[in-house]
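Structures given as structure tokens follow.
Two complexes, one shared chain (chain A), two partners (chain B, chain C).
Entry: the complex of A and B
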């Protein structure tokens, strides 16, 4: 394709790079204009293959626009706009640039038609997103950012190794299409490993609560939308129907729920629920039917909005009070009632309450599981729904806005409704969450396959209402058990956090000991004899060589001194003496010569 | 603010609110038992045909999740906040 084709990621990336040059009075309109343009571009792009670039021996495809990439591109463009509105009052340009590069990376990966382009944007995402953690600037954020970067570097390497093996050694070409999921090769497993790490599938998940809990109040809103959902897209594209993903997805769904019970930090709790919700999508990809893939896409779409809304609500609490731990909050409904309502809408959406977005998306995956006769998967995913409502629908709103007021005086005095732009962003997301739940064609018409599913059957509504409302009964019965505790929960990051300490210990103790031994051995066996021989050579030089040279010089000097006495300054006298000496020497020489000759 | 006033009104009427909610829960289970209102044709297992099956599933599931998760947490997973700071 030779004609000009504008990539929506390019709008964000160039827009971000030009941001520092924008005059202050135009800055806010510009901040809204760029993501709005990117979203409009993603929304209006025609289907087809665009942006083919010949580079060395490869053909890079930057724009594969089809049904699958369009739905992900649409929601990511929309979320970038909402998240930027949420952060509109943030003065620091770097934060907006990092966020736009990150969203641009996600869009680039979504529209990539070949593995190299995918990998390129995959790494852009990892590198730019870490700044959304580092910009919080605390020592814990710095450390969490480094851990995040190292883990994603490992995932990127796995992906790259798999790509090279698959495309070069396997001779499959560089096109990013579905792999053979029934006979996976080592290359396929390596690529899958890279995708699963970004999707936060246990045991490769600990980076997510670690980093998202430490991100800036606005950075985590971006973070929760892009990385895991890009991975879900990549799984939908590359591994539909891979059976191992069904049990992995179910484990994810329950794992996140269990850890959410234990969590004291509201944003880390939400992060664990990302793992849980992405579990539904991963299971949907594993089921692989048209309905399941539709469900995975629909749930990713809905999830980006309601999880963004939840992170915006808890981010507003963090921004306005400086606190995110349940043990430092409580009773805030008097100070932040609007934020409470928005967060509650997010909670009801993620819990799949009828009339909210999760109800029309999550149920497609559960239904697909039941349709495949995987009853265990269907029931366990419903159990995870119980846990989701328990925490995100009940625990988060209750212990922040109601419950025992545990705010310190300073926290309580700081608490207030957030700035207008944050409220506006939350309102837009909330309206969309309700809109998607009430008017299903909006979402269903975007899905990759035709939808033959009606969520509002009497049985489904009755099932869901019973499931969720009786969960609420259980919550209030055991509310004492759920009282937040000022603790952290050990997770898989324990292995590399403590492992790193073990490595330090190894370096400090045994390796240092070996190093000392080698150094001492070198000193004893090499350095000391060397010094001894050098000292001997020095003494030889000093006494013998220098003695000879000094002695010869002394003798010459003494002879010169004696010779000087002969010279008294009279030219004629000196000349006569010289001639006399020469004459005497000649006479003596002749006498000796004639005697010897005779 | 009207929203705060409404929440405080509900909190003042807490006993009544709880009573109404329990009544609604009972209605929900009763409705579930009436085939004319809730068509269980799409149920996947026989168990689901029992009236209030999902209510029991939700309640027991919630209790089990809380108790088991907390037991798991107190078995050494939950630890002090400065655990990694040393």
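Entry: the complex of A and C
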């Protein structure tokens, strides 16, 4: 099919590339227009398979639009719009371009119908998102970004290896559909590894808090939405029902919660919490039933919104005060009340308060776990909810906006409500969080499978309220123990960070020595003779060839100059000379002619 | 040779040839320098746009000459005014008409005195160059061939550098000396076949001795033009002294006339001699590749460096031609176009440097990249193209040529590969020096980056570098039929069939 099909990612990517050319007056409307167009396109696209491109020996499918990809495409388009509104006042074009390329990459991966297209956009996401970390330009940003890039490149490599093995060597063809989860091959594990790394499944998760905590205040809002959820989509598409994902998801949920409680930096806390929430989604994919997959999609949808809202709130605090650590904040409700309200709404959503979005999405997965009689999974996920409310619903709002005011004077002076666009973006996200919670058909209609779940049962409401109430009691009883301390939690990245230093030493000492020897040898034996012969060739050209040519020309010129002197201007001399020459020629000709004739 | 009817209806080739000449008449009346520049730009752009229908109306399925025009010119000597295009000359005509407006743009601020004469020289050159590629009558070809000598010598000799007179004279006499032999060969061919019609000369049963003499006479002329080693020394002198537009025309178009002459005369008309001399021509081509690379490496004058790189690149083109197979010939043709684009661009780039710094010495230009990043981006792309980096146009051409050469003899690649490495060496060294330099670069902080005019001059060439490099089919598909016909004419079988048994 060679008709042109407008990919929403194309709108974002082209829009981003053209941004530097937009005049200053039209910049803000343009910044809102492009994601709005992309979102509208994602919303209005008909279902089907589009955008097939024949490239060399492959058929690349850019537009596989079905229920599963539509729901992810919808929320990602929407989140891109909200996040761009949030970052509307950012002057640096590079940040917007990187963000849109990143969102475009995510959309491209969502709608990819074959593995090659998926991989292409996978890498686009990795390469563009690293700039959202680097643009912070903090003392740690460069290193954090590099770690992020290296880890994602490794993940991409695993994914590519799996793709090549699966499609080419395994002969399964290139289209991206569910793999055989009951008989997984090495190729399937490699692909799974690539997906799990992007989903930040422990032990491959350490990049997430490292990078998301270090990103720009607006960049992290983008970062939290796309990479992990694209990985969740990929897992939904490729590995539904893979049993190992259930324990992995549950471990993730608990692991993230534990580390989040220990965190001092609010954005790192939220980042660890992403791991926890994605754990629910991974467990949902592992359960594999229709309700579980629905739950994973619904939870991803809700999570993008409320996690984005939370990152926006903490990003606003960071932007206005310059601080993100709990030990440097506190008592800000006087200065930033609106931000507090929005962040609180996000916190309540994530804790699955009734009437908020988390309530109607998270429970689907837990219910699916109980339905499949995996009681341990269901109860442990509920335990993770306790931790969630504890740190995100209680700790974050309390220690930033209430509690002991540990702000430095400079911080306190700077603190104020953020610009209108940031508040507007947070308001939109907050309204959606509440709206989804209150009016469930809005979300449930978009889910891939028909929904037969009613969250507002008396059992569910009372169970949730009990959990949350007792968590709140526990928080206030143990508040002294939960006070933030300026510590750094060691995580799995200790291994590769230390390992990297060792590798670096290896490169700097022994390998560099060998390289220097080779370089010297190359210079002495290769470069010097080469330049010598080159100069020789140049001299040959100048002296010998040109010497011959110019010399010949010079000789002709000299001969001509001498011959010219024969003409002295006297007519009689010239005439006699010419007659003499003609006579000589005729005589010579006659002699030769008569000799030949004989 | 059957005639395909002209689908355009107009005598488009004559219009393209004499249109610039008509523009000269108007230019004679214009007083203001500013208007002269705009008028010349308009005229050359009109020719460029007007030549596009040639591509779209070209029938790629037939090797016959198209857009034919035939009229009687000098009946007493049987000289006719015959014009036509086939797949080989189509791309060269398009290259010529495209490069001309860029030459005018590149000379916008460069030429400040005698602007009218300069623009007139450029327009006459366009007439002559397009005429050479379109002519199908031998004397008409020769007239256009000689006609471009005088404007070119003027371009070098009047608007050139310190040794302009020496360079102009050298260019003129060297080329003229070669063309004298060409004229003798053409007349001899006429005496054998009875007409000056070039297609009519192909396929005629000449004796082997005659073929050898004709081949050598034509080859001398074309070898000087290409330029093949060892007849190349006029090229560095001419390029160094010529103004930017002169260098661009010289490199992009004039050198192609030499290889075009091989393709139009030597291969189809004297196939036996071609086969006989093939090893020597291949040897000389390889020598040019290596020699051009070595000498370019030793240069510190940018223009001389690019001039010697031209020697190397044209060595690849002649290598492809004398490999006498499809890959080699198509590679050679493509390489001709690529060289026109890339080396033309490089000369414009060097001209930009010269306009700002008034020097072309590599040491004095070191470290420009810091203050002129857009310029360095353009230079980087064209440098990569010059060293045949994959993804750029020259890669396709050189790859095809090497494939063809390999089919001829395995040792060809053995000798040509170091040439490719040398090209990388001198081009990367130049790029590194200009872009980054060393630790003690001259102070370039006052220099302005590329202006809009300069970017517009380089942008089409940049587009072609990547277009031909990533999607060469639109350019190669017009060549197939004509190359096949050329190979038939110059094939081994026909070579020996033409020779009457003796």
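Throughout what follows, the second predicted complex is superposed on the first by the 503 of 598 C-alpha atoms of A that agree within 3 Å, B and C clash if a C-alpha of one lies under 4 Å from a C-alpha of the other, contacts with A are read in each partner's own complex, and residues count from 1 in each chain.
Basically, contacts are C-beta pairs under 8 Å (C-beta built on N, C-alpha and C of every residue); 3 or more make two chains touch, one makes a residue touch a chain.
Being a predicted model, the structure only gives us computed values, none of them experimental.
Colleague: Based on the superposed arrangement, let me know which partner A:486 touches: chain B (first), chain C (second), both, or neither?
Modeller: A:486 contacts chain B only, not chain C.
Colleague: Tell me which partner A:333 touches in the superposition: chain B (first), chain C (second), both or neither.
Modeller: First partner only.
Colleague: Of the partners chain B and chain C, which touch A:546 in the superposed model: first, second, both, neither?
Modeller: A:546: touches chain C, not chain B.
Colleague: Check whether A:341 is in contact with chain B, with chain C, with both or with neither, and answer first, second, both or neither.
Modeller: The first partner, chain B, only.
Colleague: Contacts for A:408 in the overlay, against chain B (first) and chain C (second): which applies, first, second, both or neither?
Modeller: A:408 sits against neither chain B nor chain C.
Colleague: Between chain B and chain C, which one contacts more residues of chain A in the superposed model?
Modeller: In the superposed model, B touches more residues of chain A.
Colleague: Classify the contacts of A:523 with the two partner chains as first (chain B alone), second (chain C alone), both, or neither.
Modeller: A:523: touches no partner chain.
Colleague: Please work out whether A:168 is in contact with chain B alone, chain C alone, both, or neither, and reply first, second, both or neither.
Modeller: neither
Colleague: Tell me which partner A:467 touches in the superposition: chain B (first), chain C (second), both or neither.
Modeller: It touches chain B, and chain C stays clear.
Colleague: Contacts for A:457 in the overlay, against chain B (first) and chain C (second): which applies, first, second, both or neither?
Modeller: A:457: touches chain B, not chain C.
Colleague: Once the two structures are superposed, pull the chain A residues common to the chain B and chain C interfaces.
Modeller: none
Colleague: Can you tell me which positions in chain A touch chain C when the two form their complex?
Modeller: Interface residues on the chain A side: 530-531, 533-535, 537-538, 541, 545-546, 549-550, 553.
Colleague: Can you list the residues on chain B that touch chain A in the complex?
Modeller: 1, 3-4, 7, 24-25, 28-29, 31-32, 37-45, 48, 52-63, 65-70, 72-73, 76-81, 83-84
Colleague: Which of the residues in chain A come into contact with chain B in the complex?
Modeller: 257-259, 261-262, 333-334, 337-338, 341, 370, 375, 378-379, 382-383, 386-387, 390, 457-460, 462-471, 473-475, 477-478, 481-482, 485-490, 497
Colleague: Give the list of chain C residues in touch with chain A in this complex.
Modeller: Listed in rising order, the residues of chain C that touch chain A are 170, 173-174, 230, 233-234, 236, 291, 294-299, 425.
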